[in-house]
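Take this structure first; my questions come after.
Letters A, B, C, D and E name the chains as they come in the text, with residue numbers starting at 1 for each one.
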Amino acid sequence: MSLLVFYLFAAIAVLAALGMVVLRNPVHSALSLALVFVSLAAMYVLLSAPFIAVAQVMIYAGAILILFVFVIMLLSPGTDQGVGALKAQRGLAILFGAALLVLLIAVLGGAVLPPTRGTFTPEAIAAEGDTQAVGALLFTNFLLPFEITSILLLVAIVGVIVLAKKRQSISKQ
Amino acid sequence: MINYLWLVPALPLAGAAINAIFSRKMPRWLVSVLGVGSVGLSFLVALAEFFTVLGAGAQGVFNVSIYSWIPVGNFKIDVAFLLDPLSALMLLGVTGVGFLIHVYSTGYMAEDESYGRFFTYLNLFVFSMLILVLGSNYLLMYVGWALVGLCSYLLISFWFTRPAAAAAGKKAFITTRIGDFGFGLGVILIFVTFGSLNFADVFARAPQMFQLGAPIITTITLLLFAGAVGKSAQLPLYVWLPDAMEGPTPVSALIHAATMVTAGVYMVARSHVLFSLAPFSSEVVAVIGAVTALFAATIALTQMDLKRVLAYSTISQLGYMFLGVGVAAYGAGIFHLMTHAFFKALLFLAAGSVMHAMNGVIDMRQLGGLRSKMRWTYITFFAAALAISGFPLFSGFFSKDEILAQAFESGHIILWAIGLLTAGLTAFYIFRAFFLTFHTQARWTEDEGRKTESRHSPSSVVGHPSFHPHESPASMTVPLAILAVLAVVAGFVGMPSVMGPNFLEGFFAPVFGEAAAAIPAGTEWMLIGASVAVGLIGIGVAYWFYIASPEIPVNLAAQFKGIYTLLWNKYYVDEFYSAVFVEPGRRLAMFLWQVIDVQVIDGFANGLGRAMASFSGALRGWQTGYARAYALLMLVGTVIVIGWLMLR
Amino acid sequence: MDPLALVIIEALIKSIVVIIVLLTGFAYLTLMERMVVARIQVRVGPNRVGRVFGIAALQPIADAIKMIFKEDFIPANADKLIYVLAPGIAVGTALLAWAVIPLNPPLTIFGYTINFEIANVNVAVLYLLAIGSLSIYGIVLGGWSANNKYSLLGALRSTAQMVSYEVSLGLSLVGVLMVSGTLSLTQIVQQQSMIWNVVWQPLGFVIYLVCALAEINRVPFDLPEAETELVAGYQTEYSSLKFALFYMAEYINMLTISAIASTVFLGGYQGPFGILPGVHWLLIKMLIFIFIFMWIRGTLPRFRYDQLMRFGWQVLLPLALANTFVTAVVLVLLGK
Amino acid sequence: MPIDYLPILVMVVVVVAFAAIALTLSSLTGPRHPTAAKLEPYESGMPPFGSARRRISIKYYLTAVLFILFDIEIIFFYPWAVLFRQLKLFGLVEMGVFVLILLIGYVYVWRKGGFNWD
Amino acid sequence: MLTVNHFILLSAILFCLGAVGVLIRRNPLVMFMSIELMLNAANLAFVAFSRYLNNLDGQIFVFLILTVAAAEVAVGLAIIVAMFRARENVDVDEVNELKG
């Protein structure tokens, strides 16, 4: 059953990702990407990480992508036309992207995973609650990254205001 | 209390940091409070640590790890402090004497425009010295070692606008670097040999791994001693110390008498396990110490510059200390180190007080008769002079006597004789300086109208100058008084066995092991008698020469003109070095500059540049300016790297 | 029977039942709203079609039939795919929220225990928030795809408003979570058998209600479809069943927030002091909320847009944060 | 456990089916008489001018950005809240620091007029 | 049987699709979305290994990456908007000089 669900969502994810890359209209790309995000959330549920799944939907699909959509509407750019200044770019990109995929599959297929396992088995996590388990780690072992995150967000806020306000003052002239 | 050990070096560092950044904006009193206060607090903490060690008795060895500094494979160096009786005593000395000298400096440097800079350097020096003393491994010690060298350089050339000061700083730095190079090699060799730089590891492994007199240990100890020779101004690398008197007098007192120059002694004492395994090296240490002691004392006989007399005296006394540690009397060496710190710092500070009063004049030919003008300076200088001369029951008496006794007892009769002779010379030259400065006729005239401004850089006033000497402010006299008390009484902690309990020997037991068997009382009394007699003779001769019949030294100088000129010119060592090392070095440098650098290296570099220019011209075509093209190249690179890793 | 198949079948039945109930509820909600607002405005309201028990009980059916047979056209310059998808997304996200809301205590029939929620997951509260944030897509895409200035502006306003209040909405629930210590709605409801959470979290409750009203774009936060400025907002170009789907989404959202408010703050299916728990209690509580919402619609004027945004960011957000921290401090002081 | 979430997947399937049926139904049942005027965008009866897909105010963008950043804050709040009984004062302090830093940004936005819509 | 390899393979495919997307699209917004896709592929790998190793650190990483991505998108899009302001179009090939 879980294999079936995996293939269903994997197919959706790959097709949607392909659509995001190929579709001309940026809004369609964004919508495809939303689909990828949601199917990845399903993957996380399959991997017994529901909290990450929900966070993925809330932040990626529900916030980040909305921002993308806003910016697309803000700039309302046209669709990509032609190959642009770099003629060989597209062919080479696809060629080397494929080569990278082949290499990655070769590497990962031959990889021997370490047998060492930690203590957070799915059963252990379920007993404690996924959110609680992640939170317990985050607020103790990863306390410093957590606090630094706030500084990162602060910098982002200030940066955005500076960039956006600059634009506004220009447009007033 | 041991948890607060880090405060001891941290406080002066904080003081230095704050003064370094803000001293320009701060009022002087705040600079003083920070500079003096940080060292004062540090002293209080050190005092508490000292009593912790004292209270712990035989268990008084603490290892305090602060921070894992270099963890590379099995090369693991911690910033860790070692607190044992040895370092605890050194801590007290460094922070205590340092504190007094800081206080003194507030008066002495009051007029200087670079007041904040001075305290920054001074605090930084205290911090560096504490790192040197506290470090629990050779690398940390080496860091402190290098840092004190830097501070010494900065402080000697503090008045860097004067060429002499700048040159003296350079000379000190370069000369000591020669020794430091040996020290560095020694440290590397220790790591190669023992696989660790921790004192605890090295000292535990050394006796198990090597027999007595193993060549490798001898090499290590000789290399370490090379560092000590440079830092502690022994033959043949002593030449920088007299020149270092160009620095401000508190610097001379703190760095070039009480603390930094004794680092070599401390290091040898710290490495006593290694030196005990290398009898040859110990022998070298003792011989160099004794010869230096005598050599410097003879030079001091004729010098007319008060501070230089003290400088040569310092070299001589350091020689004593090396004689002590060289004959395995480590406790005695450190004991002398401590008492010397008190009385030599006092001598320097008193000399500084004289300079303060005499408008920077330090040439004894222009002093004299200051006894009545500077009562406190006079009394304290007198106490210090008695101490250094080994006058009975003064501190120098106990420590010097112990070294001599140990030298005698260990069978180094010749070295003992040299030491004894030096003791006599010491008593003579120090009282010569004392009489010439404070007694005799004033060789200057009172000038009521001209209130002397305080200038401290040695000025060369020719002829018969006029001054209005005055006693220094309390900020200078109080440290003098405190040091004087210490110089008088400090010796009682290490009384010879015939006179009472030797507290110091028991205190050092956790470091140096139990004391050697006591010297037979008869021998002991004989040795004491000899050194006391020699000291008294020295004082007496000085009195006879300079107070009773002042024409004698003039006659003597005329009669033994050859020897006098040789001594007056300090055995022409500077000239010798200049001819043998400096001048060829300069020639070599000129050759390297004009031939190797300009033609070969520059030619190569320019050619490389030209080649690069043409090569990059070819590469420029790749820089299209299109971000996507660069990204594509990144992908291509990734594919190539992964592919290569796969196929390899 | 294969337990996996059993789970699927059970879920299938529950989903279909819930969806049908919600659709019916939506239909009669429109009738109720028309009648309540009419009474408030001293009008008669619908009273012609299919009178049963003295009210026009068959009116919603007539409305539905009318909607279905309306002409369904797509504006010329619209982005056709997205234009069609948008109402689907809107109603889909509205319905999906009900997957985690517990309706009744578990019942055991013939040894088989039935849980009256579609999925009992331990991240239910976060799930609701996630689904809520996805519901923005329906509106923003619908407004954008129609290629109409009113639609686009309406969609943007609506979206900006929703995201602004979503922050405070999320924060208003944090206090409850601190008291309950779980994200599972089922457990939150069970914990309230004696004392409802509203007792501990009165401020959180109020903030939640205000934000929820703004989330579903109802009066006084119905700026996006302010008729006088923007015609019908993002729905301007929609007709027929697509319009009905948007409408449906709105009313189901109203039901959803009433259900969440009842569940999280008022004990859900729990009666006061544990009296006779059951789905009727949930329905009563929801009806009270819905009536209040309609009452507000009938009486309160609309915010101005700049006031609305400022209210969200500068009043509600600090209040919600303060509520969280006061709760934290009290909990620490009580040593819980 | 993933099995707990299976009912949600089932419901998603049902909801998608329902939406698909409703959307196709509407295009099947209604009459179909397209005219050029009918298919024009509605602009209060006036002939429409220009495309609707033109640029919009940066304010919406700014709001969305602020939303993202505070949304992150909320997602951090949830695990914290459910763990609060265990974290106690420690939790209060660490989240206090976190929020305090973010509040600097909040106040900055406020002072820069980021919440003003005029 | 569902193994970690399934997820890693999917992650690799998505990553390569993202990489190609960055390279062939000229609209910076779509390029940016492709980068987000690559980031998500990495996240998937993180969670997959986290599950395989029974170690929650991977999930924490993903959680932190989420927040970093949010900040990155906010600032990145602000830059794109500013770029658009200066140039009146959004084609990265037009931006081939280091001046605004």
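Just so we're on the same page, a residue touches a chain if its C-beta (ideal position, glycine included) is under 8 Å from a C-beta of that chain, and two chains touch if they have at least 3 such contacts.
None of the values given here were measured: they were computed from a predicted structure.
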_Going by the touch criterion stated earlier, list every chain that contacts chain B and also contacts chain C._
A
*asked:* What's the farthest chain from chain A if centres are computed as the mean of the Cα atoms?
replied: B
*Any idea whether A-E or A-B has more C-beta pairs in contact?*
A-E
*Distance between the centres, which are taken as Cα means, of chain E and chain B, whole angstrom*: 61
_What's the distance between the Cα centroids of chain C and chain E, rounded to whole Å?_
33
*Return the distance between the CA-based centres of chain D and chain E, expressed in whole Å.*
20
*Inter-chain centre distance, chain C versus chain D - centres from mean C-alpha coordinates, in Å*: 15
*Shared interface positions of chain A, touching two or more other chains*: 1-2, 46, 48, 50-51, 55, 58-59, 62-64, 66-67, 70-71, 73-75, 85-86, 89, 92-93, 97, 100, 104, 122, 129, 131, 134, 138, 146, 149, 153, 156-157, 160, 164, 167
*Can you tell me which residues of chain B touch two or more of the remaining chains?*
624, 626, 628, 632, 635
*Among the residues of chain C, which are close enough to touch at least two other chains?*
4, 121-122, 126-127, 129, 133, 144, 152, 156, 159, 163, 182-183
*Could you list each pair of chains that touch one another?*
A-B, A-C, A-D, A-E, B-E, C-D, D-E
*In the complex, go through chain A and note every residue touching chain D.*
1-2, 5, 42, 45-46, 48, 50-51, 55, 58-59, 62-64, 66-67, 70-71, 73-76, 122, 126, 129, 131-132, 134-136, 138-139, 143, 146-147, 149-151, 153-154, 156-158, 160-161, 164-165, 167-168
*asked:* Touching residues of chain E toward chain A in the complex: what are they?
replied: 1-2, 4-10, 12-21, 23-27, 29-30, 32-34, 36-37, 40, 43-44, 47-48, 50-57, 59-60, 62-64, 66-75, 77-82, 84-85, 89-91, 93, 96
*Enumerate the contact residues on chain E facing chain D in the complex.*
66-67, 70-71, 73-74, 77-78, 81
*chain B - residues contacting chain E, complex*: 624-628, 631-632, 635
*Using the touch rule from the top, collect the residues of chain A that touch chain B in their complex.*
85-86, 89, 92-93, 96-97, 99-100, 103-104, 106-107
